[in-house]
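Chain lettering (A, B and C) follows the sequence in which the chains are written, and residue indices restart at 1 in each chain.
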Amino acid sequence: MNTGTIVLFLLIFAGFNYFIKHRKIYAVYRVNRKKQSNKMTLPKYFGYVASMWSLIPALLVLLVIEIIDEPLLKSNITNYVHAENIEIGQDLDLYLNDIKNIKTDNIKDVDPIKLKVHEHYQNFETLISKAKTIIVISLAVLMTIFGFKKVTINTPARVYFEKVIEIILLLAATIAILTTVGIVLSVLFESLRFFGEVPILDFMFGTEWSPQTAIRSDQVGSSAAFGAVPLFVGTMLISAVALFVSVPLGLMSAIFLSEYASSKFRSFAKPVLEILAGIPTVVYGFFAALTVAPFIRELGTSMGLSVASESALAAGVVMGIMIIPFVSSLADDVISAVPNAMREGSLGLGATKSETIIKVLIPAALPGIVGGVLLAASRAIGETMIVVMAAGLAANLTVNPLEAVTTVTVQIVTLLTGDQEFDSAKTLAAFALGLMLFVTTLILNVIALHVVRKYREQYD
Amino acid sequence: MWSENTENSMISKISNTEKVKKSLKSRYLKEKIFKFVGLSSIFVAFFFLLILLSDVMMKAFPAFIQTKVELELDLSEENTGVSAKSDIKEIKDVDYRKIIREALSAEFPEVKKRAEKKTMFSIISTGAEFQLRDMIVDNPQLIGSKQKIELVADDNFDALAKGQIDLTGEQKRFDDLTINLYKELDEKGKVNKSFNWQFFKTGDSREPEQAGIKGAVIGSLYTILVTLLLSFPVAVAAAIYLEEFAPKNRFIDFIEININNLAAVPSIVFGLLGLAVFINFFSLPRSAPLVGGIVLSLMTLPTIIIAARSAIKAVPPSLREAALGLGASKMQTVFHHVFPAALPGILTGTIIGMAQALGETAPLLMIGMVAFIVDIPQAITDPATVLPVQVFLWSDSPERGFLEKTSAAILILILFLIAMNALAIYLRKKFEKKW
Amino acid sequence: MIDTQITKKPKTIAEIHAEHKKTVGQPFCKDAKFSTRNVDVFYGDKQAIFDVSLDVGKHEVVALIGPSGCGKSTYLRCLNRMNDTIDICRVTGQLMLDGEDIYKKSQDPVLLRARVGMVFQKPNPFPKSIYDNVAYGPRIHGLTTNKAELDEVVELSLTRAGLFDEVKDRLHEPGTGLSGGQQQRLCIARTIAVQPEVILMDEPASALDPIATAKIEELIHELKENYTIVIVTHSMQQAARVSQRTAYFHLGKLIEVGDTNQVFTNPAHELTEKYITGRFG
């Protein structure tokens, strides 16, 4: 039986248990309702609790089996392969994949050794599947009977039911933690493997990045090839250009919208800015690569400058435009949070609006604005599609925005797209870069969120 | 200048007023400049939006037009070897490429050289033979006579017909033969342009003139469906717990910090998570909408949770008190009263989250949705691609025919996003309550 | 019989208010600094001030009293056009400062506010140092030419506000670190640093404790030597202590104006009397 069928069976058990429990309790309930003046728990709750007994333990066991069965299969085949002394001659994961995907209808094309392993694989898989069905279904039957006996008219059914629901809600909330843990473990685990091959210091401080050369067997793990400094510098260069565009424009837009614009203009301009925020990044990437980059290149040529066709400037400017609405809405929030008394105090002394804004509002809102800029920086550093499409692959160590640079995210995408073995230093390097990216943005976010929260509390 | 003496004070006051008056001119100039800078920064943003959209639209427009060449095809029984009553399988096996090539040779008898013939054959799309085959399988009565049939042109010929190639000047990259053939066909009125339905009916292809977005649209729909089914219930449950049930303790604070941070984690990191956990550890299929949906739902969860929490927070306490006062349990209060009242806000947040997921590309590249897939996916475990990834793939292709396809795909993606956002705005307006 | 009962029944406050047309007492004076005639103020469609005419004499302290929501603050904010900052607010009628219409087109609100300073209900020091708070006005208006002059103005303003001795050692610490009463005196110092001709005070002591209030009142006493002061207060005792004339507002109408002593001891209008004697408030 496959998992879907098992779940269907479980649901049938649960429905059955609900139905009979509900009927039974309802009979009592109808009599009691007339006699007793005090309120009684509705029969449906007894039904719910009974059906939970059938459903939840069996589902949990099923889940555990589903999680362990893949690793179990894998280790079983690996053991088998080793025991039979079979030469696999390639990456283990790929080999296992081959074994699984053998189609039995055209046996003649298949390597007989592989076929033998495939047979073993199938036998073991059938065994697991059978064991799964028997364990889960029998557990469900047992629990159905147990639950039916356990739930009586004296059970505080509603309280039990609500407790279970509350636990389910809590589990949903903890998914956020699980996600973070998953991210940390997945990037950390692979990164550690990478740092086993390439010393961490060479990665962090090396100035040469050329992962492609590492494919050659004599160069695997060559420290010269995995120096990430050019990527860090490239990322910072493009982010700096983006912030240089987005911070002044976003801040000034926010100031104009919140302090000068009529409500009519505001109700028009805000949604338009939101459109800018809602455009997918891949569209910005397309725009940057095909429209802005050639434009900047031509402009540079006409001024006698040599501009790379994938210049950091083009990617940065477009990224900056993309972040404008983000900066603007954050700035709008923090400026609006400055109490009106500040504005009136300054205006009452005869200050003009711009004097009030520059000398009172912005200094008062400064912590919030700084927090917003940090969040924007974190966005710029983590932005992927624009740079993948508009920035280059060449890892030049330069701070000249007219030249082509590459970034951390570009390299992650380049290293991980296409088919390659999962264990190579090249793919592992992508996870090491991912770790750097995650840690950097995490630090920026934590500081920024903290600063912004403290700022809010100050005026609450 | 300051004096307690009233008379002096009067003088200094007048001079003060004079001083203020003197400063006014430059101060008002600064005021004007400042205001102008503010207004212009908004217009810079508007200007870019306008340029971006009009650029995409202008580039996209030709993609909706398809160039077809009318050829007289010899579909006689002798030439095809089958009759209208033949078995479908036999009709399918007819060498249609030969028929098309013969028709071209008949159209241009003057083309004799091998190399020239090759060029001539390439004005018709390589997909035309399949188009012809399907057409005849559907209408077997066409067999038996000569038929004038419009066949899809090759992308280069298409660009020529759309006037996208600069024919003057020294840099023309087109051989004279193709240009002459085009001119000849055009004069005979055999080059026709019609609306490109094919673009909406097919999947990806290596040939620009045959490439369509149906595969990507279906892939996107499956992915978003998975995302919605996973993220909505979980996000609502989490938001309800955090707003209504959570005690004040460190664990809950930790959850909240996690949610706020996850909202700002770069999307590509979620792709790494998906690759390492779902594909490598759980061995879920690569390139499948299932994994894409799981990754995107983890990514959009924080957004929806945050929106749902503020919607729940906006429900006035009086409603809760009213229900609790009647003896409803906390759980009943939440599910009977608070949740329905907060639902419009939660839905708005969900739609915005889904729009974000629909436009997301980077994490899907990590889990292999970037593969070249011709078939239209039939299930959430089939290999598929999605609209934004299709945009990325096409924009990377060197053929110029893909440029307009890319823009057209962007246009369709943006249309979907506009529709979703319009729905969100409609919901917000319709159910907006002032408590 | 029913009729007689109705006529005998005393009028309600709302009825008296509705019937009231003309301000009682002496709203006008000869040597007026401010003279306002037939002022109406609207917030959108809602009228907040009805036909108020009132003069404020030179070097006079005028107190505006009345129950909350009566429009006294709104009227005060007309006098230096602070109402301009509210989009939907519209002011009609004639408001003159030294015989010049302050709502005329050519009138510059910035210049007007430099001449007519304002102190607000809640102390609102800027999040800057004490020194920078006081120096803010002189700096933006360009009143001083060098640092020494500015220092002098700051010191003198703080001295006049009775704050200098308390803060002279920490001039460069944030103004927000002061106590509530000190903050309000800082705001007054900030206002007089611009050397306005008139100071408007909108319930300046309502957020303060009695000791701080006493200090502020003392300060008002000293300031009236040099300035014209209009003060809004909800405390009748305070009005009695600091002002020469008192104007009583009720639901947007100016009911009675007169010598403070007379208004408090022998009010001419029924509503004023009811308010003074605490029948409502």
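The rule is short, and it goes like this: contacts are C-beta pairs under 8 Å (C-beta built on N, C-alpha and C of every residue); 3 or more make two chains touch, one makes a residue touch a chain.
This structure is a prediction, so every number in the text was calculated from the model and none was measured.
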**OP:** Considering only which chains touch which, label the overall pattern as line, ring, star, complete or other.
**Re:** complete
**OP:** Look at the interfaces A-B and A-C and say which one is made up of more C-beta pairs in contact.
**Re:** A-B
Original post:
How many angstrom between the C-alpha centroids of subunit C and subunit B?
Top reply: 61
Original post:
Where the centres are mean C-alpha positions, what is the separation of subunit A from subunit B, in Å?
Top reply: 20
Subject >> Centroid spacing, where centroids are CA-atom means, of subunit A and subunit C in whole angstrom >> reply: 58
**OP:** Please set out, as single numbers or ranges, the residues of subunit A touching at least two other chains.
**Re:** 350, 352, 355
Original post:
Do you know which subunit C residues sit against two or more other chains?
Top reply: 110-111, 114-115, 140-141, 194
Original post:
Residue numbers in subunit B touching 2 or more other chains?
Top reply: 20, 27
Original post:
For subunit C, which residues are in contact with subunit A within the complex?
Top reply: 80, 82, 85, 87, 110-115, 117-120, 122, 124-128, 136-137, 140-141, 187, 190-191, 194
Original post:
Touching subunit C in the complex: which residues of subunit B?
Top reply: 1-2, 4, 6, 9, 12-13, 16-17, 19-24, 27
**OP:** Name, in rising order, each residue of subunit B that touches subunit A in their complex.
**Re:** 20, 27-28, 30-31, 34-35, 37-39, 41-42, 44-46, 48-49, 51-52, 55-56, 233-235, 237-238, 240-242, 245-246, 254-255, 257-262, 264-270, 272-273, 275-277, 280-283, 298, 301-302, 305, 327, 329-331, 355, 358-362, 365-366, 370, 388-389, 391-392, 395-396, 403, 406-407, 410, 413-414, 417, 421
**OP:** Could you pull out which subunit A residues touch subunit C in their complex?
**Re:** 262-263, 339, 341-352, 355, 359-360, 363-364
Subject >> subunit A to subunit B touching residues, read off their complex >> reply: 39, 67, 70, 93, 158, 162, 165-166, 168-170, 172-177, 179-180, 182-183, 186-187, 189-190, 248-250, 252-253, 255-257, 260, 269, 272-273, 275-276, 278-287, 289-291, 321, 324-325, 350, 352-355, 357-358, 375, 378-379, 381-385, 388-389, 409, 412-413, 416-417, 422, 430-431, 434, 437-438, 441-442, 445-446, 448-449
